[in-house]
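Below are two complexes that have chain A in common, paired first with chain B and then with chain C.
Let's look at the complex of A and B:
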């Protein structure tokens, strides 16, 4: 069993009512590109709609929540239905509360300024992601030594439901 | 004057793993921001998922149109659990049946073909919003 099979779930709020939600979604999608081997995205609404696999994944593997505003819905819902998140990102900490809580943005209207916001948050989440991944890999090594290892059998760079990247 | 609470709620799933989630999201945004800004509004689905009383109050007893990208129907289920009156359940995948072989893009970015499908779905939902508003 390889430590490369450790997966990190990234749970985005994808809020439909504010710019922060759009940024959180784009940041999460970006993680599938830059950490494709270790990232699994999880659809937050599936936690409540009966997503046994989603709940199970987030109970067993580390998760990082990405929220668009200080309501922290992704973090709170993940912890309510599954388990404690390993790291929590609030987009409004990086782009400002007022900007984050402005109206939602269609990806058709993304400007260079919005793309820069995405890159700024991606920089932060990547740092946190790598820390969480290293810790999970160390944990994995310890579990392998004890014969208790658990590895991700979901698709890398994909969706928690097992549909694979699209 | 139409109060925010009287507006039809258009709630997409915004699913992360497939292009259909992005199509649902963009269709909803087009309806509430461009086609029916006075008659409709949206609400963050993630907020509803938290189960907060404040979030429930936003849709409890309010007519909702849900848009889902996959058969899990998360938007519909969550809106109903929170007490929303789901009067229309749009399955994005059904719209794609009219566009066999279409290459709409990815869950990150839509192609021109994907945007055309968004415009088509949004147009259909806008009609439903107007109809529901007339019904009162």
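Let's look at the complex of A and C:
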């Protein structure tokens, strides 16, 4: 059983209330691209609707919440239903509260400034992600030694209908 | 484009369809006075979003058949004015949705088209209302006389007169050049508690044996197979908020759509009257129903 099978769940807020939410969605999507082997995004609306596989994954694997503002919907929901998050990102800490609380935006309307905000947060989350991943891999090694390893089968937590998130 | 909605998209983040639901909602907000309800924040900010949902007609946009947004609307007891599912919209328009969460040209265009149609939709409906003013005079009976077949604790009713059935367990009650259409007791008993109703589009054409929306329970999704061909003139709006009416009585308050008939004589060749369908129902119940 390889330590490369350790996965990290990234839970983004839904992002409809503010620009910070839009950025958090984009950042989460980006993690699928830059840490594709270890990232599993967890669909928060499905998670809250009772998605058994989403919740099960978040209970079993380390998670990182990415929130657009201090309401911290993603962090609170994850901790309410599946346990403590391994790291929590609040986008407003990086782009400023005022900017984060502006209106939600379509990706069609992203400016270079917005893209720079995404990159800035991606930089931070990648650092945190790698720390969480290394810690999880160390745990995995220890658990393998005890025969209690956690294993992810793919890039998806999976929803009830079997189609599965990425 | 003066229409506006309270828009509840699923906002899924794991499939392109969820991202498109968000994109449709954003289009609507850009182009009208519509307001968006965040499905996640709604779970903690009840009062604020409930007010929005009560002030404007509620549009629910699901990305896929998991229907998280519909489930949320149902949990909150909201009155749904319109509902759509992105995967179905894509299918109807021949758009192939890729796996990527990054929206490509096709996905962006689909979102824009759907949003524009939603904002324009009322116009043809109004025209249709005036065209068919005389049709509104059709009064359907509130109750019917039934023959009953019992199996264990289950009761299967079949109305004795005025109805035509297909073997797919749908019925049509003909009145002039229109028909009211629904499913039979066999469907509602087999599905058990019906939780969701996906209506067809009013104004669209349907062929005999074409799909007339879908109903869904915890057990399965049932596509309603039209017994007749024609143009859909009305949908039973009550089912959006109370799909259980189909369980209560699928022939009366649980009817599904009304259709303006285009070829009834030909359709009749493949339909059954009471005697024929009752025999089939009994056989199905004996063979399959547990």
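Keep this in mind: the second predicted complex is superposed on the first by the 154 of 166 C-alpha atoms of A that agree within 3 Å, B and C clash if a C-alpha of one lies under 4 Å from a C-alpha of the other, contacts with A are read in each partner's own complex, and residues count from 1 in each chain.
In this text, a contact is a pair of C-beta atoms (placed from the backbone, for glycine too) under 8 Å apart; a residue touches a chain by one contact, two chains touch by 3 or more.
It should be emphasised that the depicted structure is a prediction, and the values quoted were computed from it without experimental measurement.
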{"item": "Partner chain(s) touched by A:49 [first = chain B, second = chain C, both, neither]", "value": "both"}
{"item": "Which superposed partner A:146 touches (first chain B, second chain C, both, neither)", "value": "neither"}
{"item": "Which superposed partner A:12 touches (first chain B, second chain C, both, neither)", "value": "both"}
{"item": "Partner chain(s) touched by A:77 [first = chain B, second = chain C, both, neither]", "value": "both"}
{"item": "First, second, both or neither for A:104, with chain B first and chain C second", "value": "both"}
{"item": "On chain A, positions contacted by chain B and by chain C", "value": "12-17, 21, 25, 28-29, 41-46, 48-49, 51, 71, 73-74, 76-77, 104, 106-108, 159-161, 163, 165-166"}
{"item": "Contact footprint of chain C on chain A as seen in their complex", "value": "12-17, 21, 25, 28-29, 32, 41-46, 48-49, 51, 71, 73-74, 76-77, 104-108, 156-157, 159-161, 163-166"}
{"item": "Touching residues (chain side chain C, partner chain A) in the complex", "value": "9-15, 18, 22-23, 25-27, 30, 36-41, 43-44, 64-66, 68-69, 71-72, 99, 101-103, 108"}
{"item": "Partner chain B, residues of chain A touching it in the complex", "value": "12-18, 21, 25-26, 28-30, 41-51, 71, 73-74, 76-77, 80, 103-104, 106-108, 158-161, 163, 165-166"}
{"item": "Chain B residues within the chain A interface of the complex", "value": "11-19, 21-22, 25-26, 28-30, 33, 42-47, 49-51, 70, 72-75, 77-78, 81, 106-110, 115"}
